[in-house]
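These are the structures in question, set out in turn.
Look for chain A in each of the two complexes below; its partner is chain B in the first and chain C in the second.
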Partner chain A sequence: MKWLDRLIEGRTRDLAQRSSRRSFLARVGTVVAGSAATLPLLPVARAQDEGSVPESGDPHSCDYWRYCATDGFLCSCCGGSASSCPPGTEMSPITWIGTCLNPVDNTNYIISYNDCCGKSACGHCMCTRNEGDRPIYRPQLNNEYNWCLGTQHQTYNCSVARVIGKAFD
Partner chain B sequence: MKKLLPFLLALLLLVMGTAMAQLQPEPMGKIETLPEKWPAHWVLAHDVSFSRVMDGRTIVLDLDEENPARAYKGMMNNSFAAFMAQATTRPEIYFASIYYSRGTRGERIDVLEIYDKQTLSPIGEVVLEVPRAILLPQRFTMQLTRDESLVLLYNFTPAMSVSVVDPVARELRGEVPTPGCAAVFPTGERGFSSVCADGTLYTVQLDADGQPASTSRSAQFFDAGVDPLIEKAAWHAGKAWFPTFMGQLQPVDFTGDQPVIGEAWSMIDEETTGWRPGGLAPAAADADGRVYMLAHPEGREGSHRDPGMEVWVFDPDQQQRVDRYELAMPGLGVSLTRDREAPLLVVLNVEMALDVYDARTGELRKTVANFGAETPLLVYGAE
Partner chain C sequence: MKQFLAVASMLFSTAIWATDDAARARVDYALNCQGCHLARGEGFAGKVPRMTDFVGYYMHSEDGRAFLIQVPGVALSPLNDADTARLMNWMLTEFSAAQLPADYRPYTVDEVAALRRQPENDPNRRRAEVLAKISRQLR
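Showing the complex of A and B:
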């Protein structure tokens, strides 16, 4: 349930830290992708096979590129990954989407922020980034809704960020 | 001396026993109650308990009480980011809760719970047949009609609709589809409007049985693709003031059967270039119709729910900002007490405490913290 902007810490301080980290990671990622792209400098393997998404950054961190429009607990910190749900949960088939810029290939990708449902909130790695979020009357672009829809239970545990395609620029 | 010790102890016990026998025991089973009409400076802190969402609670606080321990007047339970609304003509508070038969799993039941303000106990309920929306709590997901004969609840399944409940007869009256339109704004005596993705308002007037009597759609008055209207409006006496992402203020008068859409104007001036409204509950109005708005500098795409660094006070009739209050701590939500004499501005700060300001001057009066709430995301002034 992609709600709740900030729980404990001052948002401004957090944002400032994140902005600098993000731009740093973007620079590093670009350098890595532009060179041999084989050195494991960053936590994620940079899959460069045809048809896969070039990667950089840490999916356990809120500044990971795919999380640009997320608002909730990161499944990668809850027993799942950036694209898989934790054990014993159920992935919602209905979701909201965002468009995030991949710093490695400087390409926009469509991200599906499926919720993992059936257990109460993970409570780990809260991440709120509302880029592209729109009000509740445009639900497909809204992250305030609990998107545990079409699942057996609506209890919200965490959110994944699945790449489902490249965006048409 | 050792031989004397048992004797002395026995004597001591005898004396104590006599004293206890003379003491009138305090009554067993005494339960406090609250007044039917709550004082103006009482508020309800609606704690959706974000990480334990099936265990929500709404805490009644007296902001005039200097002793923090005594400020806590009582609590009501509710569940799963419950919707909340207060009646003014009956001493009742409504929650729309969701429960599962096995806590976080099992059979789901959606229910409108009716609480008595004096006992803080549930006195009735209506089972809702349509699942209500589950989302970050906001005020316009559940409202009473202006005549207080019906309760209106916003549903999202993801089909959008409104459930109509008679809280007096305690009966579900039906479901009104609102395709492409969200939230409920009481309109006229017994109707509502919803905000639509195409930049219009969809209005439904209901008959005495809670059935749709007429529907209408306004002209387009905003473009969600350019400058989205934020549905978390300031509201007073049937009039609403909606902020937009870019800092416009859009007045709408909902007192008649058809909403009257006023002229939007900018809250941003030369002094505040780059600022934008934002937060979870960014706007509220006082009993004189002044609008209080959370605002943050360096606004950008995605900052529309960022905490505010200041609260701006507007006279919407004059289309003028009349004050700027710098906040002691960034705020996520604003609310007002109902009185005209000395209204209090309550700001939910980023540490989930309540900063209480003098609404007339912006002076920080106190901070209410550590009162048993985890995430009191909405604060309501007592009606």
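Showing the complex of A and C:
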């Protein structure tokens, strides 16, 4: 079987001489990045990738652009972030949805104001801006009440502001 | 050649228009329905009716067609009649194309305008009645 060992060794050395791990990674990278760049061009609106939204401002501050219709405690001050719940709480799937103007690209984005539920109220960074908030007889556009619907616990902890798409102006 | 170009550009602009229509319907859905019905119409058992792979069944009867426009969330929504019709027609094919009847016809703006002026006051009872009738019909 020595001939097989020699053959494989020879081929492997040959390949190692002519190619590099970097070139392999570069090719894989091109395929991955290339498809990522191509897919959103399909005529289908996709859930907005949060990473592609131009950002400015401080997510710990009530002035942050995504919080334009927030009424509650900011999860970013409670151990979570502007788009994720603090550990030990559960994000309510049922929520209310509005738009906020992003000052960087002057575009309106669709924001989902999910509540995080399960523990006692967080108590930090109370933020009440209410832009676009409608009276309670428009319940799907009202932020006054507890949106902990469909979670195991109904106790409100804090609110996130997830970007889920771009709106038409 | 000129004819070909004319036809090609017509088809192309129709495609653009259709895409734009769908995109606008999707945004209207996100802003007016998705908060409860969720991103793909999956709803929430016991709280929000599921529309995914289901809502198309309503199109099997005139009563079902009427119900979908008279249900309070649709009838009383802030969308105008044309936007509501566009949203409903997009939603039916997007979430539940397989359940639509062979003779399915999209809502017209006039149909939506007339129906939503008589909102349903007891949607749970009416939904049960409408679905029981359709399920007997499909059996």
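Throughout what follows, the second predicted complex is superposed on the first by the 118 of 169 C-alpha atoms of A that agree within 3 Å, B and C clash if a C-alpha of one lies under 4 Å from a C-alpha of the other, contacts with A are read in each partner's own complex, and residues count from 1 in each chain.
We take it that a residue touches a chain if its C-beta (ideal position, glycine included) is under 8 Å from a C-beta of that chain, and two chains touch if they have at least 3 such contacts.
In this text, all values refer to a predicted model and were calculated from it rather than measured experimentally.
*Asks:* For A:110, select first, second, both or neither according to whether it touches chain B, chain C, the two together, or no partner.
*Replies:* Only chain C; A:110 stays clear of chain B.
*Asks:* After the superposition on A, what does A:129 contact: first (chain B), second (chain C), both or neither?
*Replies:* first
*Asks:* Taking the superposition on A as described, I'd like to know which of chain B and chain C A:94 touches: first, second, both or neither.
*Replies:* both
*Asks:* Tell me which partner A:138 touches in the superposition: chain B (first), chain C (second), both or neither.
*Replies:* both
*Asks:* State whether A:167 touches chain B only (first), chain C only (second), both chains, or neither.
*Replies:* second
*Asks:* Taking the superposition as given, does A:149 touch the first partner, chain B, the second, chain C, both, or neither?
*Replies:* both
*Asks:* Thinking of the overlay built on chain A, is A:118 touched by chain B (first), by chain C (second), by both, or by neither?
*Replies:* first
*Asks:* Report the partner of chain A that touches more of its residues: chain B or chain C.
*Replies:* B
*Asks:* Taking the contacts chain A makes with chain B in one complex and with chain C in the other, which residues are shared?
*Replies:* 94, 138, 149
*Asks:* Residues of chain B touching chain A in their complex?
*Replies:* Residues 50-54, 80-81, 98, 100, 104-106, 108, 131, 133-136, 138, 156-158, 160, 180-183, 194-197, 224, 228-231, 279-280, 301-307, 309, 329-330, 332, 350-352, 375, 377.
*Asks:* Which part of chain A faces chain B closely enough to touch in the complex?
*Replies:* 1, 3-12, 15, 69, 94, 118-121, 123, 128-139, 144-146, 148-149, 152-156
*Asks:* Residues of chain A touching chain C in their complex?
*Replies:* Contact set of chain A toward chain C: 43, 45, 47, 93-99, 110, 112, 138, 140, 149-150, 164-168.
*Asks:* Applying the document's contact rule, which stretches of chain C touch chain A when the two form their complex?
*Replies:* On the chain C side, the touching residues are 19, 22-24, 26-27, 30-36, 38-39, 44, 47-48, 73, 78.
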